Every structure is written in structure tokens, then in C-alpha cells.
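Structure first, commentary second.
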Amino acid sequence: MRELTYTAAAREALAEQMAIDPTIFVVGEGIGPRGGNFMTTAGLYDLYGPMRLRDTPIAERGFIGLCTGAAMTGSRPVVDFMFLDFILDGMGELINQVAKIQYMSDGRLKMPIVLRGSIGVGGSAATHHSGNYYSIFAHIPGFKVVLPSTPYDAKGLFKTALRGNDPVMFLEHKLLLNTKGPVPEEDYEIPFGQARIARAGGKGCRATVVALASMVRKTLEACDQLAKDGIDIEVIDPRTVAPLDTDTILESLHKTGRLLIVDETFAPCGIGAEIAAQAVDRALDDLDAPVKRLNGAFAPTPYSPPLEAAMIPNATTIEAAIRDLLAE
Amino acid sequence: MTQTTDKLSKDQLLSLYRTMAVIRRTEEQLARAHQAGLIHGACHTYVGEEAVATGVCANLRTDDAVFSTHRGHGHALAKGVSPAALMAELFGRATGVSRGRGGSMHLFAPEVGMMGTSGIVGPCILQAAGAGYSFKLLNTDRVGVAFFGDGASNNGAFHEGLNMASIWKLPVLFICENNLYATEISINQSAGNPNVAERAVAYNIPGVQVDGNDVLKVYEAAREATLRARSGAGPTLIECRTYRTRAHAEGMRDAGYRSAEEVDAWKARDPLKLLAAQLPAADVAAIEAEVKAQVDAAYDFARNSPYPDPATATTHVFAD
Amino acid sequence: MRELTYTAAAREALAEQMAIDPTIFVVGEGIGPRGGNFMTTAGLYDLYGPMRLRDTPIAERGFIGLCTGAAMTGSRPVVDFMFLDFILDGMGELINQVAKIQYMSDGRLKMPIVLRGSIGVGGSAATHHSGNYYSIFAHIPGFKVVLPSTPYDAKGLFKTALRGNDPVMFLEHKLLLNTKGPVPEEDYEIPFGQARIARAGGKGCRATVVALASMVRKTLEACDQLAKDGIDIEVIDPRTVAPLDTDTILESLHKTGRLLIVDETFAPCGIGAEIAAQAVDRALDDLDAPVKRLNGAFAPTPYSPPLEAAMIPNATTIEAAIRDLLAE
Amino acid sequence: MTQTTDKLSKDQLLSLYRTMAVIRRTEEQLARAHQAGLIHGACHTYVGEEAVATGVCANLRTDDAVFSTHRGHGHALAKGVSPAALMAELFGRATGVSRGRGGSMHLFAPEVGMMGTSGIVGPCILQAAGAGYSFKLLNTDRVGVAFFGDGASNNGAFHEGLNMASIWKLPVLFICENNLYATEISINQSAGNPNVAERAVAYNIPGVQVDGNDVLKVYEAAREATLRARSGAGPTLIECRTYRTRAHAEGMRDAGYRSAEEVDAWKARDPLKLLAAQLPAADVAAIEAEVKAQVDAAYDFARNSPYPDPATATTHVFAD
């Protein structure tokens, strides 16, 4: 199968769907002729012009609010926000309006809006360009929250986002954007709420690791290392954290008896806490050891490389965490 | 009193009066209902400001989209929501316009282009711009309308919304209901420039200040703005100087921050009275009688409607 | 001891501290001559005038940003935001600026800012006046998050907030504002991160219930009911969710073997998930039963009384949840 | 070239030149360092805009507070941060002005009144207003200064910040660096009214447009605004028309959105050249030599400084 970068895969989904659906338009800073800070819309302006690829003023709250009204009146906005940090200025519109209008209108209004852009720590981006706030959106009823970790998933999940009728946060970890992987030419969707077994454990598999976004690759690296010592681990990538496919996680836990969640973001009230809470609620008897979380440090993200590196899990610390879990 | 009077037929004038009367009598009934404990949450009445919603909405079609505020009963009624569905909503009933989910500050009637009132000050401005964006993208001649208060005009949403509507020439009416106060804070205290219409300079769009108690003046300004919007020429900011003659919300005190003289002066310029003075008394009386019957019936309907079933309390969070 | 309402107790803390510390000023809509929508500043304008009791335009982002700059330059702002929902418009300022500036400046700038106002479901306030977003702030490094449940705690915790040097979210559940309780006249502080045992279990105590904000009272009611059947429960009120006093909770769990968290807010990635996750990490061997969470429904808050009542736990559903936990 | 030249002594003029030269030469060194891979994150240079920070900050005291943007090296240097501490920061070193935590977009030097650059567009406007609030509350005559771009002027923070500063007469300078573009988006495309100074009408404060490449014009306008602020008369909006002659950020392409002719025309009006033309060539050369030595030393210092200890990575999240 041909290989595409993560960004190219998502762009293909967007291009294909825009060709089919004239109600889709994209807003953002530099997503017109420039083609997007991350090349998310490269080539599309020439095809569709300014009404459908709309360069905006620096008014994140404003264009999210504008897109809210647009979604209520027959079009399908895509907000290309560049860095998730920027749209914290639009949190009022997101939480009070976007997430609530379907419910408050008793289902008579739809809210088909997709917000997409980068998240994550890396590249000395520092604290205003490293945000990872997906646990916040998972806490709020009304959002679907998508964290693709491969090009294949990026295309399929983006298609689903663009065809659904709900608000979707489509979050692309910056360290994944240029990674490559096989992506079919055909049209396909990946349903929300279906985890992917990123590494299937065999019979003697002794632990389940749930990893998110860029942590999937790092966890797989760690597992390759452990495999050399004959240690077999199952790795699950939830792909969407709202809805969250707890069943797949708990089935694996049932088999392995041990659970670690590897998540770059802050631990308190994060998605790892939610997974651990579901495990101890629904699968206490399966637990042969405490459920462990490996998270990013609980501090803003610093700039300097050695500081930045100290903030987040890597293959070495993940491997150590798995070994610790097995020793419990 | 205004030149435009001649332009409108008697029927049109009576129709404007009727809309204002529906708003006024419904609000008065709601105020009584609030005192009687029938309204569970907040209730901000539109009494004294009827001319604004009436004059603007008389220019709109059902498929134009109105986005409103916490003080939205008048907008909803003028856009075509029935007093019965409005009252039932404030009484928390399943027959309410939002099926009891919203109350006063979350009125949704997309069927008639009433796209929502809001408990948060500001978003309506942006959402109306978004409706304008949709309507332009979809190649229709529909318009988006935002009603908002003087208080909202100091919010960042005003700046970002008007600017975007300007640069993209969106078909939008920005109707500022400048009733001189935000709760108890005077516009002179909260705005460097209390003449909201003058701020249109900052966006390079037309800004008009009108007597918001004169429904014909409002009608005329909104007519021009609507034609302008439908023709693709872009948005207009209309500042309607008006006044709420009741407290900010029912049950709140209404003292200390404004004088009785000020309130009385505005009451003397009651929008219904101003228009009635130009109409045959018998016609006005007939309309008032009809409206009274309608509002009474609405009240009975609302009071006798069932509450929503708690089993439905969590439906429709998502469409898919 | 004299009794005060919750609001009066907090107001007393504010008044006393303003008298001592001329760098404190309060901003908000109607907190000047009007004395605050909830009477939070009644009488203070006459004493201190407009510079220290500043009525603002409706510009939540703006005045939070203004207070950020003020806190960086020698004064101590108190933002009286009325309803927590309103300051979602200021989330960018809160998360990107307020929470981060001490860290990013390597501790050379201080951020002594208190944000206070109401939270919670009740009184048909509907979805724009019922927000409970404290788990979000607990997820973000840089905030102290305070949820007093009694007038005594309101005064003591507010004093601590006003004297500290960190950003504090001081969140007052609307159903508690007019409740009364004993409040000493003397000056006192209650340190952050110290849970209160709201009901001490005896030797035969069979479960620990952690309850927050208005849920504390409802849980105590439920426990009174259970006591009639001889069922003894320990109830813990964390009082602050950041920092969170996990030790007190786990000590109780060690004694009882069972844990329920009662929290009005949304379950996913909420503070209840965090507590459950800590329990299964640090106290797996103490668990005689799954850790349970009783949360508000995962939907926006509707207006109509029967709908609203269906959204949140009450004494009856709490009692049932405790009985279920005991039956596990 | 301007009348104000006479008012300033030769020493003052040389001092202005020196500051601009420090900024220019430091930025040039940073650009080279970026190409060499010494700068780990973003680097937005101020080349072409030096007159703005220089002219404004020449009016400020150390205890006045400056709040800045993503393009803040010039502001930091003009306010008193050393090239060494700035470079070390961009190189991620422990000796950097933010101890390596911030990089270009998070420069903090409260010791000299540099209260922060920001990776988010907008907040500086509000924070400067807040500093003004503090300074007024504490009865000082200090002022708060916000530097921000034309792009930021379309953000809600601009509206809310200028309005609050106006109504409370806060001692604040709002310095809009209108370099005609926000990244690659022209101000004509993003603003209904691209004349930012004209928007002062909306807040009822003075709004002045000046040639932002003429340091004396900037100095003079800032002088008036500073005096006004210190005297309690309130804020001023100053729009400085200027231009960045390098790409938006180092390493980014700089084509397609503006013409070579436009860039050249602005380069011909280089702020350093404009001032140098009024000064003895020997003095200019002497300053340039000194500055070169200073920048070279800064570079060596930065390059040889240690990285911060990862063990310190989570300190100072809280004060208590």
C-alpha cells in the first residue's frame, strides 16, 4: 500500500470530502493561499477559493462563535486552529454553545463542526504551543474527542468526523504530523469509540498498556525492548477518548491482570484517571496489581531541550514503568 | 411623527402594533406568573423595548435567522414563536418552545428562525455572523440578525464579530438595544464611547443610531440594513436607544441606580402609546382585546401542560 | 458560637483582609454600590470606593487579563465572577497566563489572584448558570481549587486564599450560599490540602464516602438515614481538590475497605476519577469492593424542575449507592 | 527630518541609535544562530521595526512595566535586558533571562520591567491595562505599556483592554506595531478599518498614527502619551506604521504574500539609516563597533552557558 504522512492522510480526507460536500468550509489563520501552517489545506484554496478556505483575523473566540452559528444554519465548518492552546480563548463558545446547543434545542439543531489542529509537547515549542487539553473536552458532554496516532487512522477518523453531525475535536500530535504509514486510496471511515490493538499480546501476555497519541509509538518501542527479554505486552490505542472504548481495555485487562496508562498530559483528572477508575469499578477482580499511570510532569511545558525532555514519558521511562508494574 | 408612516399601509401599522401588544401583554402575564411562582428560573422582561424587536423582525422572513440574548422574549415573539410556547417554556413544561429544557434564556425555535436566546452575554453576535456566513456560502439571500444589549457592546465578541462581518461582507444586522444599563451599570460608566453606533467606524460599516421607542424609525433603519444585507453589500450596526421600564429581572430590586424621573420620562415615550397615537382608537382596542384573549389562552395552555418526563433528561446530547 | 450564612462568612473574611491589606481590590459586575449579585461585597464600596470595588463592563476575558497584569505588578486582585460559566470566556487568560507565569518566570513573578463565585446545579438556573468545572482547574498545574461546604470553611479558606501568593479558584455552590453555621469571630485560616472528616465512622464503620460541595450535606442526610439501620459511614469532605488530601481519604479507606465518591459534576475525567485512580494505585489491597462513583448525569443542565432534579445525586440516590456498595 | 530632533541632545540621539543597533545586531546574530541550529524553538525577529521599541522605551523608567508579544526581542533589549541574557534564553541555557524555561516567546525580566513576551496573541494588551490599574491603585506614577501587532488589533482583547483603560483612566500606552501583516495575512484583508489609530474613537481616547520607522516621531508621540499617563489623564493608542523586513519567523518562507518591491521600499526607509543620516558618521561607526563587540561577547556567553538542570524542571509552579 502507498505510504502517506499523517498530515497528508488527513488532508486527503478533507479534500475528498470537500469535493463531495459543498457545505464544508475551513477557517483558520493562513489556511488559504498559504495552505496552512502545517500544510493541512495545501492546494485546496486554488480549487475552492476564499469562501471555503477562509483566512481569518486572529480572533479565535470570534471564528469559533461564527462557526457555531454557521453549523446551526446549514453548513459544516472546519476550524483549523493551528495549536490547541490558541482556542482556549474560545472555550466559552465551545463549552457553553457548541457542546450544548443540540441538547438545549432538544435535538432540533445540529452541530456539525470539526475543530482540528496540533497538540503535544515537542520541539521546544514551550508552554503556549504544547497544549494537550483533551481530558478537558472528554469531561464535557457534547464533544467527540479524537486522537489519531497513525496516518491510516488520521484519514479514516477525519472522514468520520466530517460526515457526522456532532462537534468533534480532532487533535493531531505535532510529533506525528510527518510520520509515514500505509493509507488506502479508497474511501473508508473509522467509527468513533473503537480502540485499536496496537500490539496484540499472546497467551503469556502479562500486562495491558493503554497509550495515547504520540505515546503509542513510544510504548511500542518500549515493548520491542521488553520483547527481547521475552516479556509480552498488549498495547491499546483508544483512538477516541470520547467516546472511550472501555470494553476493549477491560477485555485485555481480564486477560493480563495488569494495567498501565501512558499519557503525555497531566495526571490529575486526566483520561488516565478515568480509565483507572473504570477498571477499579468494573474489573477489580481482574486486577493482579495496582493500576498505574505514567503521565507528563504536572507543570507548564518549558522550552529548553533538557527541561522539555524531563516533562514527558519516553521509551526508557515507559519500559521502566512496565517493569515496575510487572514486579508489583 | 416620522416620514415613514406614509410608506406603511394601515394594515402594516396595525400589524406592528399587534406584535408590540403581544410582547407587552405576554410579558405582563409572565411578570404576574413569576410573582405567583410559576416561573422557576430567571425572567428578564422586554417591557419598554418592544419597538426594537417588532421593527426589526417585520423586515425578516421565516428563514432569516435571529440570535438573541437573556432578554429574548420579545425577539422570540416577534420572530413567530407563540405566546403559548413561550410561556410553557418559562413554566418548565414539555410543550415549551425548548421542551422545558431551556427556560427564558434558552429559547430555541429553529422552525421560525429563532435560533436561540442565551444565558451568556456575547455569543449571539458571533453566531449571527456565522449564519450570515452560511447564507452567503449557500448562495441564498437570507440574513442573520443579532440582538444584543449595550452591555454586550463592550465585550470582545462585539469587536471580533463586527470585524469579521465587515471584511467578508456578511449579510448581518447587528441590533444593539441600548437601554442605557447593563443590570445596574450605566453605559456611561462601562463604555469609553457610549454612542455605540459611532463604533462602526472601527469596522468600516454603516452605523446608525435610532429612536428605539419609535417602531417606525426602527422599521425603516432595519429595512435599509436588510436590503443592504440581501444585496450582498454587507452588515449594518443599528443602535436603538431604548429603555427597560421594569427591573433587570423579575424579582430583583429596581432602585438606587436610576431615578424615578428617568423611568417616568421613558414611560411617557412608551412605544405602544407612540404608535397608538397614530392609529384609530377602535382598531387599537380591538387588537388589545384579541391579544388579551390570546395571552389568556396561552397562560391556560402553559399552566395545564405537563412537565417533561425525567426519563428524557439526557437525550440529544449527540446527534449520532 | 454565632451563626452566619456561608456568604456572610466569606464576606467577613474579605472585609477583614481588605482592611489589613490595601493592595486587595475586587472586580466584577455589580460588586460596587450594588454589593454583588450574591451580596458578596455588600457594604464594602462605602468603605473603599471604586478603585478597590470596581464595577466592570461585561468583559470577563478582559478583566481576568487585567487582573493578571495587576497581580504581576504588586496588587492582589479578587475576581468576583458571579457564575463560573461566565469566565469560560477567560479560559485562555486563566490557563495560558494566570496558571503559568510563576513557573515561566522561574518564580520571579507572583500571581496572587483569587477568582471567586458560584457553581452548581439548582434553582432552574439552566445550563449557562449551573457550571461546575472544577475538575478542569484541578487538571491544570498552577491553580488551587477550593470548594467550601460550610460557612466555617468558607471564612477560613477564603482567608488562606487572600493571604497566599498563588491563583485560587474559590467556588461557592449556589445551594450553600444561604446555609447557616457557626463561624468564630476570631481570625483563622484553614490550610489548603487538608480534608475534613464530615462524619467520623466508628469501629464498625463499613464504607468511606468522599463528597464535595453541596453533596456533603446530602451525603450526611443519607448517612443519618442509614444510621437508623445501624449502618455506620465515614464521610470526607476534601475542601480543596487541588491540592487534594489523598492521605486522609486513603486512611479512611484502609479502615473501611469501601469507597464511594459523590460528586455533582460530570464523571469522565472528573475529580472522582482521580480519587478512584489514586485508590487503585496506592490502596488496592485495602479494597473490599469496587470503587464507585456517583455523579451528575453526563449532559448539559436543563431548566425544568423534574429534569433538573434528575441530573444530580440526592439523599435518596446517595443512600441507595451506599447500600449497593455495601452489598458488593 | 522632524522638528523634535532639535529637542533631543546629541547624546540622546546617539543613545537612540545605540539601542536600535543593539537590537539589529542581536537579531542578525540570532538569525545566524538559528541557521546554525542553536535556537531550539521559534525565533521572530524585529528587524526593520527597531524604532518602535526604541522610541517608546526611551521614555520609560525601569519601574514602568512592558508587556510584549511573540516578536519581543526588541522590546526586551530596549527595556534593559542584555543581549547575553536574551541569546542565552533562545539557546535554552540556564543563564537565559527566563532560565531557559521560555525561549523567545516567554522572556521575563521583571527586574527591568520586562513583564513578559507571549506565545499567545492578545493578553499583553490586557495585562498592561492591569499594570496600569495596579500603579493607579498603589498611587504611583508608573505606567504600563503594551506592544502588539496589527493582527492583535482585531482580537477581542484589544476591545476589552482599551475600553477598560479608557473608562478607568489608566496610565497605559497601547503601542500598535502595524507592520501590515499578521504572518502572511495583510491588514487590509483582516481589518474592516486598517487604520488602527482611528479605532480610538470607539474608546474615546487619543489615537495617533506615526511613522514607525522614524524613531524621533515615535519618541515624541510616546513622550506625550507617557506624560499624559503619568499625570492621570489616561491611556493613549499609538499606531506605528512599520515593516518587518525578514520572514515572519526564522526558517519560514517569505514569498507569495508580499512583493519584493514592497520589501525594498521599506528597506530604503530603514530606521537605523534614517537616524544615522542625522548623526556624525564617526559616532555611528564607533557605536556600531561597540555594539558588535557586545553582541559577539553575548553570543560567546550564551553558547558557553550550561543547560538548566532537569532536576529543576518542575519548580515554581506555585509560590506557596
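Letters A, B, C and D mark the chains in the order given here, with residues in each chain numbered from 1 onward.
By definition in this document, a residue touches a chain if its C-beta (ideal position, glycine included) is under 8 Å from a C-beta of that chain, and two chains touch if they have at least 3 such contacts.
Just so it is clear, the structure is predicted and the values come from calculations on it, not from any experiment.
Student: Counting C-beta pairs in contact, which chain pair has more, A-B or B-C?
Tutor: Most contacts of the two pairs: A-B.
Student: Just grab the chain with the largest centre-to-centre distance to chain A, centres being mean Cα coordinates.
Tutor: Relative to chain A, the chain with the farthest C-alpha centre is B.
Student: Distance between chain A and chain B based on Cα centroids, please, to the nearest Å.
Tutor: Between these chains, centre-to-centre, one finds 41 Å.
Student: Just give me the whole-number Å value for how far the CA centre of chain B lies from that of chain C.
Tutor: Result: the chain centres lie 36 Å from each other.
Student: Can you work out the whole-Å distance between the CA centroids of chain B and chain D?
Tutor: Once rounded, the distance between the two centres reads 45 Å.
Student: Rounded to the nearest whole Å, what is the centre-to-centre distance of chain A and chain C, using the mean of the C-alpha atoms as each centre?
Tutor: That pair's centroid distance is 30 Å.
Student: Can you tell me which residues of chain A touch two or more of the remaining chains?
Tutor: 56-57, 59, 61-62, 85-86, 89, 92, 96, 103-104, 127-128, 141-142, 298-300, 302
Student: Please list all residues of chain D that touch 2 or more other chains.
Tutor: 98, 101-102, 106, 118-120, 122, 154-157, 159-160, 163, 167, 189-191, 317
Student: May I ask you to sort the chain touch graph into line, ring, star, complete or other?
Tutor: Shape of the chain contacts: complete, all pairs touching.
Student: If you look only at chain B, which of its residues touch chain A in the complex?
Tutor: 65, 67, 98-99, 101-102, 106, 108, 110-111, 115-116, 118-120, 122-123, 125-138, 144, 156-157, 159-161, 163-164, 167-168, 315-320
Student: Show which residues of chain D lie in contact with chain A when the two form their complex.
Tutor: Per the stated touch rule, the residues are 40-42, 92-94, 96, 98, 100-103, 105-106, 118-122, 151-152, 154-156, 182-185, 189-191, 256-257, 307-310, 312-314, 317.
Student: In the complex of these two chains, what residues of chain C are touching chain A?
Tutor: Contacts found on chain C: 60-61, 85-86, 88-92, 95-96, 99-100, 103-104, 127-128, 131, 133, 135-136, 138-142, 242, 244, 266-274, 276-277, 279-282, 284, 287, 289-293, 298-300, 302.
Student: Using the touch definition up top, name the residues of chain D that touch chain B in the complex.
Tutor: 154-160, 162-163, 166-167, 189-193, 198-199, 201-205
Student: Chain D touches which residues of chain C in the complex?
Tutor: Residues in contact with chain D: 23, 25, 51-52, 54, 56-57, 59, 61-75, 77, 92-93, 96-97, 101-112, 141-142, 144, 164-166.
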